[in-house]
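Per-chain numbering from 1; labels A, B, C, D and E assigned in written order.
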Amino acid sequence: MNAGWAEALPWTIVLPMVGAVLTPAVAARRPRLAGTWAWGVLLVASALASGLVYQLATTGPFSYDVGGWAQPYGIELRFDHFSAWVLPLLLLFVVIVPFSWRYLDHVMPDERRPAFYALLLLNAGGMIGFCVTGDFFNLFVFTEVVSLSSYALVAVGGRGLAAFAALKYLFIGAVSSLLMLFATAQLFALTGSLNMADVAGRLADVGGGPAVMVAFAAYAVSFMVKTAMFPVHVWLPDAHAIAPSPVSAVLSGMVVKIGIIGMLRVYQVFFAADVLELGAFNQTLVWFGAISIVMGAFFAIFQDDIKLMLAYSTISNIGYIVLGLGLASPYAVIGASVHVFNHALIKATLFLAAGAIIHQTGLRTLSDLRGIARRMPQTSAAMAVGAVSIVGLPPTAGFVCKWYIALGAFESGQAPFGFALVFGALFIFIYYVRMLNAFYFQEPVHDVVIEANEAPWSMRAPVIVLATLCLVLGVLGGIPLSFVEPAVLELLPFWGN
Amino acid sequence: MSDVFDAVMLSLLIATAVSVARARDLLAAVVIFSLYSLTMTLVWQHRGAPDVAMTEAAVGAGVTTVLFLITIARTTRREKP
Amino acid sequence: MKPWSLLLVLLVALPLVVGVVNLPPHDAPDAPIHTGVGVRYLARGVEETGNKNLVTAVLLNYRGFDTFFEVVVIFTALAAVLALPRGSAADPGGAPAAAAKAANGSDIVPVSPVVSYVVRLMAPFMAMFALAMLFRGHVTPGGGFQAAAVFAAIFIALGLVLGPTRVAELVPDDWRPWLQGAAPLAFALIAAIGWRLTGAFLGFPTDDHTAQEAMGLFLEVGIALGGGVILARLFVEMET
Amino acid sequence: MDVVDARPILAPFVSFLCAGLVFAVGRSIFWRRFFTFLAAFIKMGLVLSMLPGTLRGVVYVYDFVEFTPGIGIAFRADAYGMFFALVSSTLWLFTTIYAIGYMQGDRDRVRFFGFFALCVSTTVGVAFAENLLTFFLFYETLTICTYPLVVHAETPEALRAGRIYLTYTLIGGGFALVGAVMVNAVAGTLTLSQPGILSGDLGTPTLAIIFTCLTIGFGVKAGIMPLHGWLPIAMVAPTPVSALLHAVAVVKVGAFGVTRVIYNVFGVELLGVLGFTVPLAFLAAFTIVASSTIALTQDHLKRRLAYSTISQLSYIVLGAALLTPLAATAAIIHVANQAFAKITMFFVVGAIARTTGKKHVSEIDGIAARMPISMAAFTIAALSFVGVPLTAGFITKWYLALGALEADAWWFVLVLIVSALLNAGYFFPIVHRAYFRPAKEPWPTLEEGRRFETAKTLLFPIVICAAYVLLLGVTAEVPGMPFSIAQVAVESFFAGGGVVP
Amino acid sequence: MLLFGLDLDYVLVVVLFCVGLYMLVSKSNLLKKLLGLNVMETAVFAFIVTSGMIEGGDPPILVAGTAAPYASPIPQAMVLTGIVVAVSVTAVALALIVQIHAHFGTIEVDELKELP
């Protein structure tokens, strides 16, 4: 009854979960086997995901009824253009995991590796589920799986300080999940159903009362917290800086995007029902986005620790995406949705390269890492490519989305935000120039930097692959853009233009 | 009659919640919290949700309270003002 | 009273109150909840799932996918506790904390004989009650989680009395990682079987009641066992 | 008419590939030189092979990738693009020869030659850009690729120069991006193939914002007066970098951009109506005069040349701003004239610094005795800048004056005369010192067995470029030479109206 | 039960939510914050189950003793899952608190802030 690859939809979610559950069992005797096991599971999952994307490309969005129950009665999994983000997400995981094999040597003793890789797999599975589910309560459960594994992954590396940062993240994350649960309950009380498409239908005849407004507001605030937007971004810098680098790459690149994809899902439901007038909300999104860009870039300039600075630049890039969404013009939303992927790719490159450098030298601040490029040429080159692409300069992936979001800004007549977008990001380049100068053009100070040798092959290969992808996608950026376009145009009529 | 029971139970709940907040000694706070869970069990039972009542009793009052007690054993018992 | 936090609480509270108050009255029979999706579960729930207790029916059958990942969340909690670095700053290697060691070398915290006798006396009855809850789950209130919680309670009580290491021996070492994952693995297995039988992931065959019964029971046992071991292991890990 | 052909993308790709190879295999000196020369010759071959077609009015087009309908990366070798590509690829060849000689025993040559090839590949990319997106893409990549060259010496003031260079060019890049995006939003298309894609009814305020953003964006690199600050400071870079980049590649990209905006984005008729180019023309005129006066005061040879570059570039901007076919021809042809003359001067200054270590005007008394050929070339270039007949410079000034008269802005002719005098003012003292002043202390004599004054690799490009200056001066009317390509380009710009000479 | 026109059950649930939130925000002891979080969680579960109630409804178990109208089973299933999730989050938080105390020797946020 389901078209070819659609059968694989539930298994793509369940596979990483079962893989995670089995990791302690598989790696009981030899803990280091956990890494290879996790990699294998992710490879199979990405094979399934590419089948799903192929199915999406050929026959358009499809859905899968779990348990055989018809649409509103059981849980429906819906695979549409926005959930195609699952494939690049898994591919990034497939690249990040090999990096972590050698990286974990200086982070944790071996017997804790199975638990770490279990958490990583659970995180991946949770995010796949989040992007694919078509049921509100299911969305909440997947958010919990992702959040819980993220809290733990942050605390895995350091000692007391990491635990404190993780606990701050936990408290804010738990409150935001509670708001999401409250909004789900509110919608359930109003419509009597949990299936997104069904709720949209029933919401139309419920009409736009204050209760519906509060439900939307609760969802919006919850996703704003999850994606670390301007007023509620406080938890992100410490959490992402203290976490081990592969974890920071996962957190900054993908876990933060949960809020964005959630917001897109909620947009789809509330606008299909057409019960809310969204001009004011879009405007606040645009303002918060713009402030996030400038504020993230501004704080990033004053950091000396590389990873803390990368965490702040995540806030700035999330501001991009939110600004794009808030502008609600076709080009801006296309640019924002593709930037979800591009930013994940670039941020993964930067964090892994920084991780490799920290792994080899043990130093984290810019002033200590002077002249590292001589001894670690390839990693520093990847860092340079990442730096250029995060600011959005042309030959790299970041540029194309910046062009589209700016185009959307000018097309919808909000020119000042176009200017803020373009020049807000240049702030951050001041730090990157300092970094590149320190890496390439200054003499090393510490002797550990002088004799540092290039990262081991299993760490260098992922970094190089990601860096080349950053460059290649700058030119071939068309593929994700043309892929996302139909979904955005299908969504846009509801935005009133 | 059931409305009066409802009102009393919910106000008792809020009273226990506030006293958990005010309790200085962490052990006392945890014990009051388990009392809070047990009251909540009664509320569930009254609202026609026996399954939830039993889970709340077993998991909410049972396991959570024990975990809190273990943590207090491993950390401090007094809350500094 | 801290003014700033009061302000924040009010800022959050007011919209919630506004939202909540405008809902249809909470126990009105014509509220959308009772006229929405729930009607079908109440009307045809029993003969479609074979469960008289509709909550269990919804939990395991209609919305089994939710419960699958709820069990995964519990496992995540255990994985998190296992992944965190343990041990105090003094001996960061995560060696069992010295504090738990009582004076006489064994790790029994001195407990009065009355308590230990009562606990050891009560243990079998608690186990009996847990099994009852487990097997009657599809008829009376109860089911996997409650049973899991009671099993864990037995482990924890015995652990307090006999010392955590003795209790840990109850679950043989090379079995432990498999038992830990019992719940999600059970769900995955049932999902596979359901897929073969009915062509839908986690699909229970609506006509064949015995198969439904067996699969439901298998899930309940899986959840009880898995949940119990995980909660007990949480206790043991937090203790040492 | 448009012919689909892969050569417009192959030309930039060749030197991009060469950069990759140099980075990969650069350790061995032979292979590095081999690849650089091979790429230079192939690029020259590709561009020359397209020349006959361009002269016949054929335009080679190649759509590389389409992001979403209407926005993508595409290449188009129209007459003006071909002209600029021809100039920069020939000069890349000579500068490579010069750089090999100049960088003898220097450090980090792999990095130098790699980024050097990258810069030229982006310059040719800019020349062949079919739409503003591709143009901007290569424009910003050029900024990033030139940064390592500017800070090549890794001395504190090199880093300071690099930082200033980046601040200017990136802020300029920001304005250019905003302008390009507004064009895309307002006009719906980005193509540079039409003689003007904006229409009058978009409202003057929007058009004014677009014009200012684009002019500031490209003006930074074109060194128009308030935005020129980075150019003199960037002279700290090694001479081949100053020669090719700050005399040809980087600054010409800026001027090329301004002319593209005037001719292809706005179009001559619209600008005639709107009158935005009048203030631009005044600004250009001011830049010509002001930077020439500053050049008078500069004792450091390279800084004097830098200020002379700033003033020469504004000739191009002025020519474009006059909106008449003759002035347009002058503007386009000046791209070549100024390039060859300025590069000769930089080569000579570099040769002097390399052989005698003298960097200041006051120190080169009587150098002609020691380095006769170089100084002869320098004199030819100086004559060309002053505008003496038979040299390339004369043609530009001649057509620029005609253009100014055609646009009945007679006072521009005055500006030209004043600037010619000023040019004489700061070049002739150098020539005078070199030939007629006795050397303060005897110049280090030729080592035995050396027949020429400096290394052959330095001397050969100097002589060739000086010859080119004369060649361009003489062969204005000969078909097939750069001047005729300029005329084909002007025809396409003024397809709408105006008479073509 | 209606009180000045407001649905009392729902309002009390929100009040409970605010007590929990206040505890989480204002208390400086991490354990107290966690207790506040638990109170908030139970408050939201109370809201869900209350919304599933029905006038004089029996639990949705179709055996001899019970008769229509039945309380809706879906909210109860949601709350069951919610409680289990709440326990897991609490367990992780407690593990972190033990870790913080082991390293810093205190679980008061005010003191933790002063440490480097």
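For the reader, a short list of remarks on this structure follows.
Here is the rule we use: a residue touches a chain if its C-beta (ideal position, glycine included) is under 8 Å from a C-beta of that chain, and two chains touch if they have at least 3 such contacts.
Model, not experiment: these values are computed from the prediction.
Between subunit D and subunit E, the least number of touching-chain steps is 2. Between B-E and A-E, more C-beta contact pairs are found at B-E. Taking the mean of all protein Cα atoms as the centre, the chain whose own Cα mean lies nearest is A.
On a Cα centroid basis, the chain most remote from subunit D in this structure is B. With each centre defined as the average position of its C-alpha atoms, the distance from subunit A to subunit E rounds to 29 Å. For the pair subunit C and subunit E, the distance between mean C-alpha positions equals 17 Å. One inter-chain figure worth recording: subunit B and subunit C are separated by 19 Å, centre to centre, where each centre is the mean of the chain's CA atoms.
Averaging Cα coordinates per chain places subunit C and subunit D 74 Å apart. Contact of a single residue of subunit B with at least two other chains is seen at positions 49-52, 55, 59, 63, 67, 70-71, 74. In subunit E, the positions touching at least two other chains are 9, 13, 15, 21-22, 47, 50-54, 57, 59-61, 70, 74-76, 78, 80-81, 83-85, 87-89, 91-92, 94, 96-99, 102-103. All chain pairs that touch, listed by label, are A-C, A-D, A-E, B-C, B-E, C-E. Against subunit A, in their complex, subunit D makes its touches with residues 64-68, 71-73, 133, 136-141, 143-144, 148, 151, 154, 158-159, 162-163, 166, 170-171, 173-174, 177-178, 181-182, 184-186, 209.
On subunit E, the positions that touch subunit A within their shared complex are 21, 24, 30, 33, 37, 40-41, 44, 47-48, 51, 74-75, 78, 81-82, 85, 88-89, 92-93, 96-97, 99-100, 102-104, 112.
Here subunit E touches subunit B in the complex through residues 1, 8-9, 12-13, 15-16, 19-20, 22-23, 27-29, 31-32, 34-36, 38-39, 42, 45-46, 49-50, 52-54, 56-61, 70-71, 75-76, 79-80, 83-84, 86-87, 90-91, 94, 97-98, 101-102, 106-108, 111, going by the rule given at the top.
By the touch criterion given at the top, residues 2, 6-7, 9-11, 13-15, 17-18, 21-22, 25-26, 47, 50-55, 57, 59-63, 68-70, 72-78, 80-81, 83-85, 87-89, 91-92, 94-96, 98-99, 102-103 of subunit E touch subunit C in their complex. Subunit B contributes residues 49-55, 58-59, 62-63, 66-67, 70-71, 74 to its touches with subunit C in the complex.
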